[in-house]
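Please find the structures below.
In what follows, chain A forms one complex with chain B and a second complex with chain C.
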Partner chain A sequence: MIAQLIDGPLWLFSAWFFLVVALWRLLVILFKGRPKSLAKPRNAPGGALATIFRRFLPYPEFRKVSRVRFWAGYAFHVGLLALLFFAAPHVEFLSQRVTGFSWPALPHWAFEVAAELALGGLLFLALFRLMDPVTRFISSTGDHLASWLVFLVMLTGCFALWRSHESLRLLHLFLAELLLIYFPFSSLMHALTFPFSRGFTGAVYHRKGVNI
Partner chain B sequence: MSFRPPPCRRVTRSGWICWVLLAGLALLVADLPAAAPSHDKPSAKVDDPGTDLWRFVRRRAPELRSLAEKGAIGPVTTQVKGVDTSVLINDKGQEWRLYRHRMLIPISAIVLGTVAVLLLLLYLAVGRRVPDPRETGKRLLRFVAYERTLHWFMAAIFLFLGVTGLTILYGRPLLIPLVGKESFSAMASASKEGHNLFGPLFLVSLLLFLQRFWRRNLYSRGDLRWLIRLGGLLGGDSPPAGFFNMGEKMLFWLLIAVGLLICASGLVLLFPNFGQGRLLMEGAHLIHTLGAVLLLATIMAHIYMGIATKGAMDGMKGGYVEYSWARHHHREWADEEEKKGRVLSEEEVRRRFGEARKIGVPEREAGT
Partner chain C sequence: MAVNMEIFHQFLGQIAHLGERAEHVDLPDEKRVALAKEIFHQNIKAEQAGDLESCMHCGLCAEACHFRVGTGDPRYTPARKFELARRVYRREIGPFRWLYRLVTREITIDDLMEAQELVFDSCTTCGRCTLICPMGINVAGLVTTTRHALANAGLIPDDLAAVEQEQGSRGTVFGAGAEHLRKALERLAAQGLEAPLDKERADYLVLTSVVDLLLFNDQLASTVKLFNRLGVDWTFRSNAYEGANFGYLAGCGEVQRKATLRVIEEAVAIGAKAVIVPECGHAYPALRWEGADLYGKPLPFDVYAISEFLGLLVQQGELELDEALNGKVATYHDPCKVGRHSGVLDEPRAVLRKLGADLREMPNHGLLNWCCGGGAGLFVINRTVPLRRAAFEIKKQEVESTEAEMVVMACGSCRLNFIKGKDEMGLNGEIVSLVALVGEHLVRKSEPVASGREE
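For the complex of A and B:
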């Protein structure tokens, strides 16, 4: 019973829930508008795109102190992205249940490398969040919860790597469904909002004559 | 009372959600094996017709080998090219299997079990009565955030490898009677995958740890005196020590040496496609397991020390230790820090942790 629930209705519910609520949150943010800027414009409109890309690197002042977090962050995000969209079981699942078409998957060795990077990077960052007084101070329980939930989803995914046991696959799927439901309420939304927030900041400051 | 770093921000609604989710997950995991069809029924016993043939071949194997050595018959050859492809039956495999079942599993279990029970008894008899360090209101920074993160990163990986490794080692005799074959099969498969994935991460964590801490773990004058007096067990007060005492330094180098050996032998097992024969793999397996048991026993003692030495965990949790603890356990280091003017007040440490409200900074200003 529980297996059918996870594989059927719960999957459909969580996927639609994620889509609708995440889209709704995005639209609310986009249509909220912003107060009129009273500052005298010092530049022609622009600057959004540059800031979106500039933010992929830390500020030069922080480059040294945040070196390890920078590499761990990239290891995690690149590894996760590769796993999410190019792991063979995911390509199969998404093509059968979501898109209707398939695309090339990673070879097995690349899958393993991606998993090492993603798991190692996230474990380090989640622990650093707890250990560093500053990140700990600015983190809410929800931030910790989001990190560890993503970690658990990835870990159970690796447990189910060879698809030898249906129960392991279902455990992974169940956690992924919880994540989809939690996603729109959490700071994980940054995965969808980051271009807008960066672009907005870039445009506002560019108008005031500052390129950040 | 020992100094503790301030806890995470208040338990919010999401905290409750977290607990509810975890409880749900526990229920689900308990129920999942039942979701898949069970193969736990007693299987009908059918004699394998090949058994007698292979038994006969194996009995003759030593005889044929000695004939080949004397040149009476030609060497065994095959058209299949690869490692060990000309070996019809590897007797050593059986020896290794028996060794694993009759020696490795029971003896290692006795060693680990004994160490665990002794440490528990020691904790009940002595450890829990160790008083907290005397409160002086002064603190010293012992480990920065990166070092603490690195320690827990390595510890988490090591403990995960320990649990999954022991599941593989003792699963059949210990877990099958408890959870049944079907559930154990899933647990063993998950453990194997998890173990293989986290192994290389342990190597990375070891190398990062080595790079960060090797200098502080070099031998220095006075370490031998510390060792002879067993860190104060013989002769009352703790002998003076630097940043790390000789016990910690020995743990560090043992961890690095045996840890690297475990990683190297693990890689030999993980990548069988580099031409290593079965014999080498069996040797690697033994080194891997014996090394792991040695490290596990040592780390159990380390965890005991970390918990029983009141005040030590403060350094690994929040970074700061009570000054009196530092003077007691690492006198030379504490004196040096004092000379450098690095002793901080408790308020200053709280401020650094952002617990601004406790020392009266208005919320707005503290950025909450």
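For the complex of A and C:
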């Protein structure tokens, strides 16, 4: 019965909850409105898209101080995206329950590389958050909870594949559903809000003649 | 171009006692919290909401902040500086405010006092942290909102509050007034430099600052020489000569508005086509980027920072300078508010190259320059001295790595901070104002005359 709950109604609830609440959080940001500046601009409106994409790489002056977090962060994010959308069990799950169509999955060796990158990157960042004096000082309980919950979801996913046991698969799915419910309330929402923060700042600076 | 160090130290002495003059408003703590929250409710729109929703405490901003790097203290991490804004947003404004009110504690006066040190003492709103932030968070914008909130709650640090209150009541600062402007111009006239004052109509309204009147006379003299040499129709106005805006610095919206409108209304009254802002970092964005919004409509005149104006003249071939610097090694310190925040990066460099300087850039220059640590009103807040020293050490190393014989700048606050830094900590190289340098090297023609007359 628990298995049916996790595989059925709880999956539906968590997926819809994530979509509705995440969208709600984004709309509340947008509906706050932006005051219009009357100052004579240096540039025509723009700059938002450029900053959204430019920010994927650090300025050369910052490369040394951001190197470790840059590589660990990309290892985690790229690995996670690869797993989420191209790991064979996920392709099967999503094509059956969400999209109605399938797509090519990663070969097994690529899946293993992605898993190692994602797990290794996240573990490094989670430990960095605990050990670096700055991040230890500024991090909240929510920041730690988000890191370790994502880690547990990924870890149980790897175990489920490794051992091919139904209970491990259900544990992985249950934790993923908890993550979907927690996601819109957490700092994980940066995954969806980053275009706003980068874009608004880029537009403001561009107007003043500065491309950042 | 040497600054009179005796007068400089007298100026510092005046600053040391500023806080004694601040007037305090007695308010219950709950009222202060309510007044602070009012500003957050008013000011947090989509941009700042997007910023507050995106910070995931990665800590990278700490690597870009001169106060955090200079002291090594994680307390000064930029992400912490908008923590008050974030907490108010979550509890009062954000989409889950009903939830946060259940699980987080109410904002208290202690939170406001903690924020006071973070946003006034340890932030010059230089914006360098925004450039390293992967989320592109406009930290300076959030700190400015928090300054406004604390100002509304009557919690501006006393030293800064004293100057802001003086500008609010008298229209000028540091005890100076129109009489000081007149006397300064009389002194210049005695040296053969006539400056028009209070012309009823003029194309250019030129601003100055009390720091130039009292201390940086070279900047004032060079400004007069320049405009006379250009032969344009220009004037100072004794009713609106001050470029500095301590309302802007202190986060006091009403004083900011008064100081800005004073200049705008004067410029409109004389039919000015342009207002020239002196070498003063914050004065430029206060008028250029926020003036129109306070005026309620687009400004009917252009606004130029004087460094920007000089550079444009050079780039357009309209300013003749000798190349007497003759390969002298110089480096340029970008004032954050004019450079990173306003895009005036190439123009000052064009001037230095025209003067024949061998321009050597600091490792972090232009958009990525390190702040000198003296802006945003910090120079008048006495308790920030240890923080400013820690920040200046970074700048000192940047300057000295160029082996420049002179470090040129176009901001009075920066120049004050550099002079103090050199006096206390040593600095290789001469500290030079860009406009003062230009004034020394204008191509000699006949004697300068007052504007509007034929040479």
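Operating definition for what follows: the second predicted complex is superposed on the first by the 204 of 212 C-alpha atoms of A that agree within 3 Å, B and C clash if a C-alpha of one lies under 4 Å from a C-alpha of the other, contacts with A are read in each partner's own complex, and residues count from 1 in each chain.
Here is the rule we go by: contacts are C-beta pairs under 8 Å (C-beta built on N, C-alpha and C of every residue); 3 or more make two chains touch, one makes a residue touch a chain.
In this text the structure is predicted, and so the values were computed from the model without any measurement.
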| item | value |
| --- | --- |
| Which of chain B and chain C A:Thr141 touches, first, second, both or neither | first |
| First (chain B), second (chain C), both or neither touched by A:Glu92 | neither |
| Partner chain(s) touched by A:His165 [first = chain B, second = chain C, both, neither] | first |
| Between chain B and chain C, more extensive residue contact with chain A | C |
| Touching partner for A:Pro133 - first (chain B), second (chain C), both, neither | both |
| First, second, both or neither for A:Phe124, with chain B first and chain C second | first |
| Doubly contacted chain A residues - partners chain C and chain B | 132-134, 136-137, 139-140 |
| Chain A residues touching chain C - in the complex, by the definition given at the top | 24-25, 28-35, 37-40, 42, 51-52, 55, 58-59, 61-62, 65-66, 69, 73, 129, 132-140, 143, 185, 187-190, 193-194, 196-202, 204, 208-210, 212 |
| Of all residues in chain A, those that touch chain B in their complex | 1-3, 68, 112, 115-116, 119-120, 123-124, 127-128, 130-134, 136-137, 139-142, 144-145, 149, 155, 158-162, 164-168, 170-171, 174-175, 178 |
| Residue ranges of chain C in contact with chain A within the complex | 44-47, 49-51, 53-60, 62-64, 68, 74-75, 77, 79-80, 94-96, 99, 130-132, 134-138, 141, 288-293, 295-299, 302, 340-343, 363-364, 367-368 |
| Residue numbers on chain B that touch chain A, as the complex places them | 5, 8-12, 14-15, 17-18, 21, 25, 28-29, 31-33, 35-36, 145-146, 148-149, 152-153, 156-157, 185-186, 189-190, 193-194, 197-198, 200-201, 204, 318-319, 352-354 |
